[in-house]
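Okay, handing you the structure first.
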Amino acid sequence: MKRDERAVLVERRALSPDAQLLFFESPTLSTSFLPGQFTMLRAQGEGLLLRRPYSICSAEPDKSRFSLLVKVVGQGTRALAELPLGEDVYCLGPLGTFFQPPAEGRQAIIVAGGVGIAPFLCFCESLAQQGMIAQVLLGGRRAHDLYLKDDFLRLGMEVACATEDGSHGHRGVVTDLLPELLDRFERAQLYSCGPSGMLRRVAEMAAQRDVPHQVSIERRMGCGMGCCLGCVVFTRRPEEAEAEGEYRRACTEGPVFEAEEILWERDPYPL
Amino acid sequence: MHPDLSVEISGLSLTTPLIAASGTFGYGTEYRDVVDYSALGAIVVKGLYLNPRPGCPPPRIWETPSGMLNAIGLQEIGVARFIEEKLPELRGLGPAILVNICGSTLEEYGELARILNDVEGVSGIEINISCPNVKEGGILFGCDPDLAARVTEIVRAGTRLPVIPKLSPNVTDIAAVARRVESAGADALSLINTIPAMAIDVETRRPRLANVVGGLSGPAIRPIAVRLVYQTAQAVKIPVIGMGGIATAADALEFIIAGARAVQIGTMNFVDPSVWSRTLAGLEDYCRRHRLSSISELTGTLRAEGAMPSGW
Amino acid sequence: MHPDLSVEISGLSLTTPLIAASGTFGYGTEYRDVVDYSALGAIVVKGLYLNPRPGCPPPRIWETPSGMLNAIGLQEIGVARFIEEKLPELRGLGPAILVNICGSTLEEYGELARILNDVEGVSGIEINISCPNVKEGGILFGCDPDLAARVTEIVRAGTRLPVIPKLSPNVTDIAAVARRVESAGADALSLINTIPAMAIDVETRRPRLANVVGGLSGPAIRPIAVRLVYQTAQAVKIPVIGMGGIATAADALEFIIAGARAVQIGTMNFVDPSVWSRTLAGLEDYCRRHRLSSISELTGTLRAEGAMPSGW
Amino acid sequence: MKRDERAVLVERRALSPDAQLLFFESPTLSTSFLPGQFTMLRAQGEGLLLRRPYSICSAEPDKSRFSLLVKVVGQGTRALAELPLGEDVYCLGPLGTFFQPPAEGRQAIIVAGGVGIAPFLCFCESLAQQGMIAQVLLGGRRAHDLYLKDDFLRLGMEVACATEDGSHGHRGVVTDLLPELLDRFERAQLYSCGPSGMLRRVAEMAAQRDVPHQVSIERRMGCGMGCCLGCVVFTRRPEEAEAEGEYRRACTEGPVFEAEEILWERDPYPL
């Protein structure tokens, strides 16, 4: 059930000069979400109107705690990054669809860039609990953008990295690392979240090799509840005829979609 | 004693004066988990045409100072699917159900009115006249007093339900439009719809909305909306339903004092779904403090004596 | 290389595209201690009638979400005292001087134009057409395209100075008004004037302004103003001066990209008198980053290709 | 010269549950103002548009410090009351007219209520420096609203108080105390600042007895610089004919006016 729940900021961990992990305590959110889902909130006094969407990054249900990974890109994210410990926010959630675990015998391969890394920490926690080891490809500009790398390693995941400036791992984009993995694992299940160029590249590769691919899409969101229709993605489901398809809501039918359903060319500059 | 917060709008009895605004409350059930529906007197569902419409490409929304822009392009599922798939669930929830109808032609409005007339659970029709008239080069029905009146007449002829034209703020003289639709048979009026507006990403030089122009809503427009409600309520005898940026009981009271019988809330429900219970509690508290036995006593009680409105 | 920030508006050369808006910069000298006047291309002085006017009773202003309401009632000292007492000091300050004129009758506008025509130091006339026409029941000149055109003609006939009608946002079709005043001889257009609006103190049930209705300005109205400038710039060939809630260089750039040659700043100067130097520095920085040799290249360069504006 | 000057909050002193004295450090304001003048400012992130006017309450020029007395009545005053130490605000000032010291041989009598007490602390500091002792009448609802009473006493002023609930001094309104003083000092100079009912009452008494009276008027203010014309008071100067007079600006021709120039009946509800 969705709730609009008071959450208190109890801890913060700096991840990079402009990103941090914020830990909140709240009655039910940490136990009621599934990996890939998000919550909408705004910090008091930030001077903004609308709430902003954030993926739930990790949870410690026994402590009623969950975390959000926040990268400062504007006023809303800045206010959250500067929120004093002990202050509260109202979190509307859990919202949206979630990542489905890989089908029996398929190897999970995760491709994540920037804040797109956030939803995969809890997803990998749940994979680890089921005894699965995902291949995690992390991308960023520089080494410090490879958020949570050590956390993925600690969970036993296999991690490979790419940075644009070569300061850590492969020099180049993270999708450069994908073909080798797809060669290695014939039966794979792809997951991706991050900048839209990256998502499209992963989707192309997945389509070429006919690998199932779940993608989490970012959109500006007004409500998160399926009511403003502001967050749409043009999709065509297998059962829909060639010429058809429709705008579906990233907050309700997404943010996690089957990549093959997305008609990328219908969003020239969606954000 | 409990003050009476119920209101009556041309035969339509609402348990509270708070109404969910069209396009901001989906088909009515989406907020079930988080909104206290007992605080709502009615729900106006998302604007419906005869047939489904795909809507505009994204980006569709943008935040502005104390406001939001939207250009959804009236994405909707068509009246038939609404009646079949959405209405049954909605009927049981408590608030009265008003359907917001849109047309590309006069005839389409008439057809929708006839279809909805006999549908169980529909308590009234709000006419969205801020729709482009495809037969006349896309001019909005609501920006031309003649067209607005003709839409109202045709809907009036098609139904026994209360008919509530929703006025566009984008006119030189709202009182003139209001009087025309009143004579054309409207039972009540609602206003304001969003105000045409736009924003630009200066780094890319692209509009923030794919549709270039969208509608501005939220607290930024409230003072404009209160003025339009005041002018409208003075021009007509039928009840007026006010909206535009309501976030608190004090905001709702401004509209009521300016002349509204009931109010709608849109954008602020996105921001804070507890706006309904908070606002209703605030209205009740106000009635008590001001010894009003019914909220309806407050409608149109602005003390403007001595004021001589002129240019400014 | 320094980008060229000067602009030319129908023969009027301004050193920068930033102009102080009428009614927010007094008679031009008040901010001397705290504003860097070299950042201003021009100053539009407070609206002047032929004779002094007392203005409205207080309260005259009120703050709203991201905006302010005002109903000053055009308190002013009359054109003669302005020329005698204020202009001499103002002439030496650097920025070009534009006089904003108001009339209660068509004739008054014409008389003001003739008086100002020969006055040393006056570079142009901005016509405030948002004034009530006393001969026609107080309807604002600017809300009637015919009247707006006749005011423009009569001013045009009275002066060789550049004539800049200032459009009211409160019309159904701004493009129609713009085209009419262009044909009537306007050299440029400025917009927007404030939007009629009101607020109520719900505890006393009194309007927040003694005049009941006032004009809304500030960031709240910016998206509406940008849309009106965009529509106007597409409708006319003469230069457009844009304004409404500009607080930063990015805001000014929105207006310029939408079609403005220069911009005015009003309310935000009250909030932060450093807005002028900050905005100018921001424009310069933008030109550099985008390799523009002159800010004028940016006017009207919105990339709206592919967009199909329709209803929303 | 007016400046828009950065001022840093360096100290706060609680005066009552909803009022405090805030001490700021800034380069020139503490040395450039005269008692009765004010400054306009807003606390960052308060979510408001316009600055708010505050009287300068006291100054320590040697430390480049000045103080403001702030009573919480809305969002702007609340943000200021909650401003953390070390944060800065921009102060536009000094603005407006000021109190003129009493003419030779006239006894200064000050009538102040609520936040109207603020401008008189620095005024009394300057009177004290000139060896003068003012009669200070302070009014409020309850004892704790008699802000700065001890500071006035410390400066050697004669203080008498009135509270509506009788919790300190005379039970009733502060103007009840005035007739006796006016009887005592035949040649007096009145000063007042506070709620408009109080000001009008003082003005009536002053007029009856023909005592000069300087009054500081509160108005909503948009700019403080004489440009918005939002802050006007209807006044008629002695040289103006009976029927004349005009709206003058509380920020420029005021806030301190000669009370005899004010036509009170022209502002039925000015705030």
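Just so it is clear, A, B, C and D label the chains in written order, and each chain counts residues from 1 on its own.
Keep this in mind: contacts are C-beta pairs under 8 Å (C-beta built on N, C-alpha and C of every residue); 3 or more make two chains touch, one makes a residue touch a chain.
Here the structure is a predicted model, which means the values were calculated and not measured.
Steps from chain A to chain C, taking the shortest chain of touch contacts, total 2.
No other pair of chains has as many C-beta pairs in contact as B-C. Mean C-alpha positions place chain A and chain D at a centre distance of 56 Å. With centres defined as mean CA coordinates, chain C is found 33 Å away from chain B.
Averaging C-alpha coordinates per chain places the centre of chain B 47 Å away from that of chain D.
A straight line joining the Cα centres of chain C and chain D is 36 Å long.
Touching of two or more other chains is recorded for residues 66-67, 70, 72, 204, 206, 218-219 of chain C. Counting partners per residue, chain D has 268 as the residues that reach two or more other chains.
On the side of chain D, the complex with chain C involves touching residues 1-4, 42, 48-51, 90, 92, 219-223, 225-234, 246-247, 266-271. Of all residues in chain B, those touching chain C in their complex are 56, 64-67, 69-74, 130-132, 138, 140, 143, 170-173, 194-200, 202, 204-207, 209-216, 218-224, 226-227, 230, 245, 250, 253-254, 257-258, 286, 301-304, 307-312.
Interface residues of chain C, counted against chain D in their complex, comprise 23-26, 30-31, 33-34, 46, 54-55, 57-63, 66-68, 70, 72, 75, 204, 206, 218-219, 267, 269-274.
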